[in-house]
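These are the structures in question, set out in turn.
Shared chain: chain A. Partners: chain B in the first complex, chain C in the second.
Let's look at the complex of A and B:
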């Protein structure tokens, strides 16, 4: 384009804008631009991960016997057992599902810390908190001192149908796990074990916490 | 007149555009239903069946705050339908039209299974639960009570949530149904 052509083009635009059809065309183009902007904005927000997705906890996984780092403490899964009933302080507690007793060793790293969050997670993403029907010796109430391992059991009750697909998740903060590290370890439980646990008539005693320093 | 037509046209166009982005979506405005005792009320984050009501006297392990008061207990089966264990069990039921209650929320919530206080209820594990309100000795003993069953909605908080819809919380407690529940006097 030469410098001489530019005024001619601008003149044609001005002529078009001055006509009734030109004004209608301009208004329609403006409306279309607004609607397109709204549509693009809506598409972006509907396809962008929301804060719940972006602030997911950092899951650190491991297997039975391995040590899993959970930022302020580490976890070692020592074993799993189950029962139809558990007992504590001479009181027996039954369940509509099955009790899962998870034996773990917890060790704080540099500072005294507590383990506030303890759940079992099934294959559908449902989570089951450590039961509040008995005293839990490893959660919240127990302060872990740095370098001193503490061993004990955590008790959970879950529906029988999910008992073979569970993982334990442990973290420091009871209320807010966003962007925190969580240790996750799959529980090796078979359907035969669950049937056996459900049939057991004797109530299992939940092990207390012991320091192993 | 042309200005009125123009305003009307703009309003209609605005509605049409908002409809493209969900502005005409159906709102939940149904009034709470009155439902018979024993009927399952499906909802979120829990489904509820109110089973019965009873009057109990103060007893070991379930002592009233004031001597001579009594307990008004509503027995209900709670099935958590959310994906995580719920600790907000005290938000499920409310009574209305009962004189002499010491608190709006139930003061004790006990598991029927073993009498322990309810800390959490787990998803997919329905439990029969006793919701206990202390009633003043001077108030008349009710023959029946109206029990409101509440549900909630999982959504981002307008103040603390994010624009993208994250950080969802269970909010907007809404009466889903009212159950006219007979009360049996079970004091010895």
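Let's look at the complex of A and C:
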């Protein structure tokens, strides 16, 4: 196109826009542009994570005996046992499910911290909070000092049917785990162990927290 | 979209860019400012007098020492468990309105920057006769001119403490950093 042709083309466009067909064409183009914009927007929002997905906690996994980093402290699963009854301060607590007692060692990194969130998670994603029927010496009330491991047991009351597929999850914040790190460790529990724990007549004493130095 | 439309709206289009930057940056800046105030980040240190002026009070660290034995409720000696080191800090305060120090938070800082709380759990588990850590005077009524708080800190063996921090929540991110002279 030469410079001389440009005014002619613009003149033709102006003439076309002034005709009924030209106006219809312009309206159709505008509608198509709006529909395309909405379609692209919808595609973007449907293929990107929503707020819930984006704010999920960061799960750090490990096995029994390994140390798992949970951002402000680390966790080592030392063992797991179970019982049909537990006792604390001379009071016995029974259950229609099974008590799971998880022995862990917790160590803060650089600043004092507490472990506010402690749950067992089953294979269907259901969570069971550490029981409030007894004092939990490792949760919330206990301040962890940097470099000083604290060992103790956490007690959970769960249905028998889920006891063989559980993982423990621990985090710093009791109420809000969004975008925080959570340590998750699978509990090595077999069906035979659960049957044995259910049959045990003696109430298990929950271990208190102890700083190990 | 014709050339005329672009020409008519050119300044508006140019201004859209900084307007969008401002619209995004201001909430981020505000949120970051709020986050900044949630933790002790700005140390207020001692002047030539050796005292740290923090809010309406002045304070100084007179001793920060490691102890090998502690005293129980019946004055019996209690050994420090292996792997742990217990420090006792003595902090002097002066203030005409000590009530403003209520709810202060004290911590010990070591040479690596790690901090330790005034640990009541470990010390009381040992059976040590320990009082609740506080920045305010024990006496009721007219406050003394100067009073001293004795505070326990527990750290792993080998830790080298360098300072004691005092935080009053409403003054964050400022905190008093007390060092031995």
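Here are some notes:
Here, the second predicted complex is superposed on the first by the 202 of 213 C-alpha atoms of A that agree within 3 Å, B and C clash if a C-alpha of one lies under 4 Å from a C-alpha of the other, contacts with A are read in each partner's own complex, and residues count from 1 in each chain.
Please note the rule applied: a contact is a pair of C-beta atoms (placed from the backbone, for glycine too) under 8 Å apart; a residue touches a chain by one contact, two chains touch by 3 or more.
This structure is a prediction, so every number in the text was calculated from the model and none was measured.
Of the two partner chains placed by the overlay, neither chain B nor chain C lies in contact with A:105. After superposition on the shared chain, chain A has more residues touched by B, the comparison being chain B against chain C. Look at A:211: by the touch rule set out above, it reaches chain C but stays clear of chain B. Judged by the touch definition given at the top, the superposed model places A:97 against chain B, while chain C stays out of reach. Within the superposed three-chain model, A:146 lies in touch with chain C and out of touch with chain B [touch as defined at top].
In the superposed model, A:81 makes contact with neither chain B nor chain C. Across the superposed pair, chain B and chain C touch chain A at no common residue.
Put simply, chain A touches chain C in their complex at residues 109-112, 142-143, 145-148, 209-213.
On the side of chain C, the complex with chain A involves touching residues 81-84, 107, 112-117, 119-122, 125, 154-157, 159.
Looking at the complex, you find that chain A touches chain B at residues 35, 38-39, 42, 45, 48-55, 91-97, 119, 124-129, 131-133, 157-159, 161-162. Contact residues of chain B toward chain A in the complex are 17, 20-21, 83-85, 87, 111, 113-114, 116-120, 122-127, 161-162, 164-168.
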